[in-house]
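As written, the chains take the letters A, B, C and D, and residue 1 is the first residue of each chain.
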Amino acid sequence: MVIVMAADATPWDIQAIVELVEAAGGEAFVSRGVSRIIIGLVGDVDQFATLNLRGMPGVRNVVRISAKYKLVSREHHSERSTVRVAGVPIGPRTVTLIAGPCAVETLDQTLAAARMAQAAGATLLRGGAYKPRTSPYAFQGLGERGLRILAEVREETGLPVVTEVVGAHDVETVASYADMLQVGTRNMQNFALLQAVGEAGRPVLLKRGMNATIEEWLMAAEYIAQRGNLDIVLCERGIRTFEPSTRNTLDISAVPVVQRLSHLPVIVDPSHSGGRRDLVLPLSRAAVVAGADGVIVDVHPHPEIALCDGPQALVHEDLEELARSVTELTAFMGRRQPAGELVAG
Amino acid sequence: MVIVMAADATPWDIQAIVELVEAAGGEAFVSRGVSRIIIGLVGDVDQFATLNLRGMPGVRNVVRISAKYKLVSREHHSERSTVRVAGVPIGPRTVTLIAGPCAVETLDQTLAAARMAQAAGATLLRGGAYKPRTSPYAFQGLGERGLRILAEVREETGLPVVTEVVGAHDVETVASYADMLQVGTRNMQNFALLQAVGEAGRPVLLKRGMNATIEEWLMAAEYIAQRGNLDIVLCERGIRTFEPSTRNTLDISAVPVVQRLSHLPVIVDPSHSGGRRDLVLPLSRAAVVAGADGVIVDVHPHPEIALCDGPQALVHEDLEELARSVTELTAFMGRRQPAGELVAG
Amino acid sequence: MVIVMAADATPWDIQAIVELVEAAGGEAFVSRGVSRIIIGLVGDVDQFATLNLRGMPGVRNVVRISAKYKLVSREHHSERSTVRVAGVPIGPRTVTLIAGPCAVETLDQTLAAARMAQAAGATLLRGGAYKPRTSPYAFQGLGERGLRILAEVREETGLPVVTEVVGAHDVETVASYADMLQVGTRNMQNFALLQAVGEAGRPVLLKRGMNATIEEWLMAAEYIAQRGNLDIVLCERGIRTFEPSTRNTLDISAVPVVQRLSHLPVIVDPSHSGGRRDLVLPLSRAAVVAGADGVIVDVHPHPEIALCDGPQALVHEDLEELARSVTELTAFMGRRQPAGELVAG
Amino acid sequence: MVIVMAADATPWDIQAIVELVEAAGGEAFVSRGVSRIIIGLVGDVDQFATLNLRGMPGVRNVVRISAKYKLVSREHHSERSTVRVAGVPIGPRTVTLIAGPCAVETLDQTLAAARMAQAAGATLLRGGAYKPRTSPYAFQGLGERGLRILAEVREETGLPVVTEVVGAHDVETVASYADMLQVGTRNMQNFALLQAVGEAGRPVLLKRGMNATIEEWLMAAEYIAQRGNLDIVLCERGIRTFEPSTRNTLDISAVPVVQRLSHLPVIVDPSHSGGRRDLVLPLSRAAVVAGADGVIVDVHPHPEIALCDGPQALVHEDLEELARSVTELTAFMGRRQPAGELVAG
């Protein structure tokens, strides 16, 4: 941590800071420039953060140097990690396709969507039983009945299940059915939920908050990691900007940026960021060649009657094209797609 | 709801929409212009919303006309509401000052802050026992011990207590101590929490999500109202923008905009939006004359050692100036400050 | 300037930086902490900025300490300035009301608007003859004919004229009619225009770019100041955010923030930020008590037929209320409104 | 255009609107629903836009249906266009690589950069002689001397030249040297400049304003097209968001979105959006597979001493990898790279 003093800071201002830092068990080094004085702090940065140094007289700026997250940082864990979901890898050597309906509506619809997904090369099934919806009047999901449908479809298809959990009190129930727990964009800073999934013994898919900086996203992952769970996959799904033509703006740069900062795998959700079917294919391609470790897409056998986000779900023709693109671009990137048989393992 | 058809829409496209709407129990009126066809829908809008009309062939745009929220809307409840917190009114005829420490640390600190608040004209005490923090390494609050301190300070000062609840499972505990439950900015779309506070039998202070549109904020209030609780006070606390010189950008316009759309009272938090002590006074003044029904500020007897957000807490000198400003500007607005004695009632 | 080295920076990396800085005529001081090394630079910061220090091996971060603007900074000019427009002051001791039509349409309309403005206490007349419009199909202004109308209205009313200039090649023409040149939000980084108005010998009203940070805005002012013109008044007019209920989001905090950083006066435009008539009054009040040195509003005798921004123009009833509010709140702030007779001076 | 009336609109309100529209030469059709009345307008939309219908009593909302741009819209020109720059095509059947230094500094540096660009498959040379810089203290470009260097390098290499023009008064000079005129992000709404390049008889590269919606960008293109110049290539270069880890956020979705709305070619600038060398390669790949018609990148023989944006310039090793990626992904997209020999034509 570095403290930059104001031009008119007095020797007493400086002394006060040095004493405060030393009282907190740290060391303070004063460097005098021509027009400014800088104080470098050595010690426990998180403790310094509680000192309100920024509010001390004579202080112009306080600059934090070390990263605010540790367990998920690449600083002390330089090799990128692979997370396995019931045997299916998500990591730097593969491009994993996850697909399924936005919301589980019926067994027939979910099974049909899963078969579409599998035919397109998906090795994990997504599907929502608990749906966080902006309007209280929108369809809120089938709850545990939806989880039972997902388990049944897994039985039929062999596809492990990724599904969202929306409250800390549901974690145990959802974890008893699901192979991977998803934390949605609106819950990225629901800290009670993060801690609960950190203790649930399942891999976690952590979507980026639509308003979250990359640093905040990694700190949210740190909440999960702190509880002993490092099987975390990050998912870029678009951020909120002023542009109205897409629901959110996919921050494609986040893929390489996060991979530099953190060892965790990163996948991309092109369906929810754009909110438009015609963008899913170009954005999926873009994700793979930007280095994403996977792609997660909505599919629905009959999107025109979907209870949730039908306008963005892929249908049969789109999926064939998606399958071809992902296969070819995965090879271009020198990676492979996880084999279906691993799934059964 | 109005459907605008594309220039090249066919008669079959139009027929398909009319049939779909009628099958859903609605009526569809087709208006033919020179270059466009428009279809007006009459019936249950929320049901139409599940039809994915936007994805139908030939559709260019779907325009929703009625508000997405009902219970909190001013459309069917034109008079603005007053919410009472243990007798203290928040509403269109008053300007209510709420003050206290960001986080409860000790009994002494909380009591000192409460006395400062009361001397400045505050009639409600704020203070956090459960703190949602971006970093898992930051101070997370005293929990129930903090609630007991708040209850003790209420006993001493007569100030009713406003405190945050961060998870659905804590609502019952917090409600057993607090006079008003606060839902924080990061939890504005934690729907499980919204439903739980909707059933807790206490007034609710609903902060705007830092990334939430006004419409989303009112829909979050609707979640609470749906559970039978209309004692909701909205709190504007700044939104996330590209400007780095303040923590968030206070959206002062939100005050009159919300008051046009909803009958609920709206207050302003100038401490958390700016994150800087020197902005609290000008932003508090601005809030009162923009029509806010109250102001909520951080105070701390010793901000330089505060465990949370010390840089923005007001100290004694600031508070005197704040008290004078709020008193004079409240009179200018033709309103009054709630009397302290009401508090005891 | 401070350079923070990466944890794995080598002695050669450090040596390379020291040599580069010294070759550029500066000095570099190396401070070794426990886990990090920091290099403080002393010398010409603007020259260091060309060295691409951020791209050197081993560099983690480069932190600039001194402000990027000098002439408009308060650092070496601590007293806040007053700018005089044909005798009318805008500065820390007054609250100046500027009013007039968004666009000059006819002599009758402009004169009527000017009389309305004057009756409400305005001491400067605003009005656009050159209009930058997003659509090429929208009304683009009367050009020099509009300037002649403004001059005629000034003759009639005694109100000095503030009007926008949209291109460097028009500066001379506009300056020959106007008392103050306005640079609009879309031109805040039109550097050719900034330089031209810097040489025109007239005070300048510099609107904030709707996408500009406060630092960029002050650097735009620095472009004008560099050409020898320090008669610059800054105007906050809203920034672009995700909130759709207002055209832009008025950044009311910018008023006190800028006044801390720069000695230049700052006024507020509540008409263009909101784009809605019903917000002009509450936002004008908020501006005055947040410390703004003036307010600039649109008025129109018949807004329902205005050629530009009619929906936000004030009409007679609104103006009376605005006049009363500005008068009372100016007194509350311990300031005064410039007297009309000064105008004639 | 559709007018949605408020629930409490009176018959007189409706009559007033009908009369106003008819007086303006249009027709108004009133549709009565159960709870609302809607008025559809037929006629000249741009004229209706001047009527301030939104401000009329009883009006709740005014919805514009037709696009605000015409000449650049795909609505009446469904085939996507190819723009030729001195013979080099940019359009739907090719992926064109444009490369060169951010700023022209010396003949040697520019020539070395051009040879690097050409070796990597670039068929157009970019390079700035006039630089719009946020700080007045930053390097502002060599001006006409830079243009002469570019012309000399074109002579040597056969690469046509793309260069920025920053003011309307420079257009003629720049057009006398350049093969394509670039309008930069800060000038996207400098309407005088747009009109001047519209008349200069050269193809135009129009960068998206960092704060501009796609609709505003297309309206800026319409300004150029209106002057008779339809040889416009759009360039997505990142928008301003709250995320600080990249200079701007590349809006990769804009590529397919714009290609649906407009017939103009769209290319991507991955250098300026990220501002980081390590992002150029992944973002370039993403651009090609998202359907971009070209990519424009910064290269520099010695980025560590570049006078402008050195941290983002590609060096030799990067360029080889970029060349390989663009070649392979262009083939994947069923397109081709323009041949070098065309350049001479």
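Keep in mind that, in the parts below, contacts are C-beta pairs under 8 Å (C-beta built on N, C-alpha and C of every residue); 3 or more make two chains touch, one makes a residue touch a chain.
Per UniProt, the chains are A, B, C, D = 3-deoxy-7-phosphoheptulonate synthase.
Because the structure is a prediction, the values reported are computed rather than measured.
Asker: Hey, which pair has more contacts between C-betas, B-D or A-D?
Answerer: When A-D is set beside B-D, the one with more contacts is A-D.
Asker: Considering only mean CA positions as chain centres, point out the chain farthest from chain C.
Answerer: Looking at centroid distances, A is the chain farthest away.
Asker: When the centre of a chain is set as the mean of its C-alpha atoms, what distance in Å lies between chain A and chain D?
Answerer: Taking the average C-alpha coordinate of chain A and of chain D, the gap between them is 31 Å.
Asker: Would you kindly tell me how far, in whole Å, the mean C-alpha position of chain B lies from that of chain A?
Answerer: That pair's centroid distance is 27 Å.
Asker: Would you kindly tell me how far, in whole Å, the mean C-alpha position of chain D lies from that of chain B?
Answerer: Spacing between the chain centres: roughly 40 Å.
Asker: By the touch rule stated above, which residues of chain A touch at least two different other chains?
Answerer: 211, 240-242, 244
Asker: Would you tell me which residues of chain A are touching chain D in their complex?
Answerer: Interface residues on the chain A side: 211, 213-215, 239, 241-246, 249-257, 260, 273-274, 278-279, 282-283, 285-291, 325, 328-329, 332.
Asker: Which chain D residues qualify as touching chain C in the complex?
Answerer: 46, 49-52, 54-56, 68-69, 132-139, 166-170, 186-187, 189-193, 209-211, 216, 219, 222-223, 226, 240, 277, 303-307, 310-311
Asker: Quick check on the complex: what are the chain C residues that touch chain A?
Answerer: 2, 4, 7, 29, 31, 33-36, 38, 40, 42, 60-61, 63, 65-66, 75, 240-242, 244
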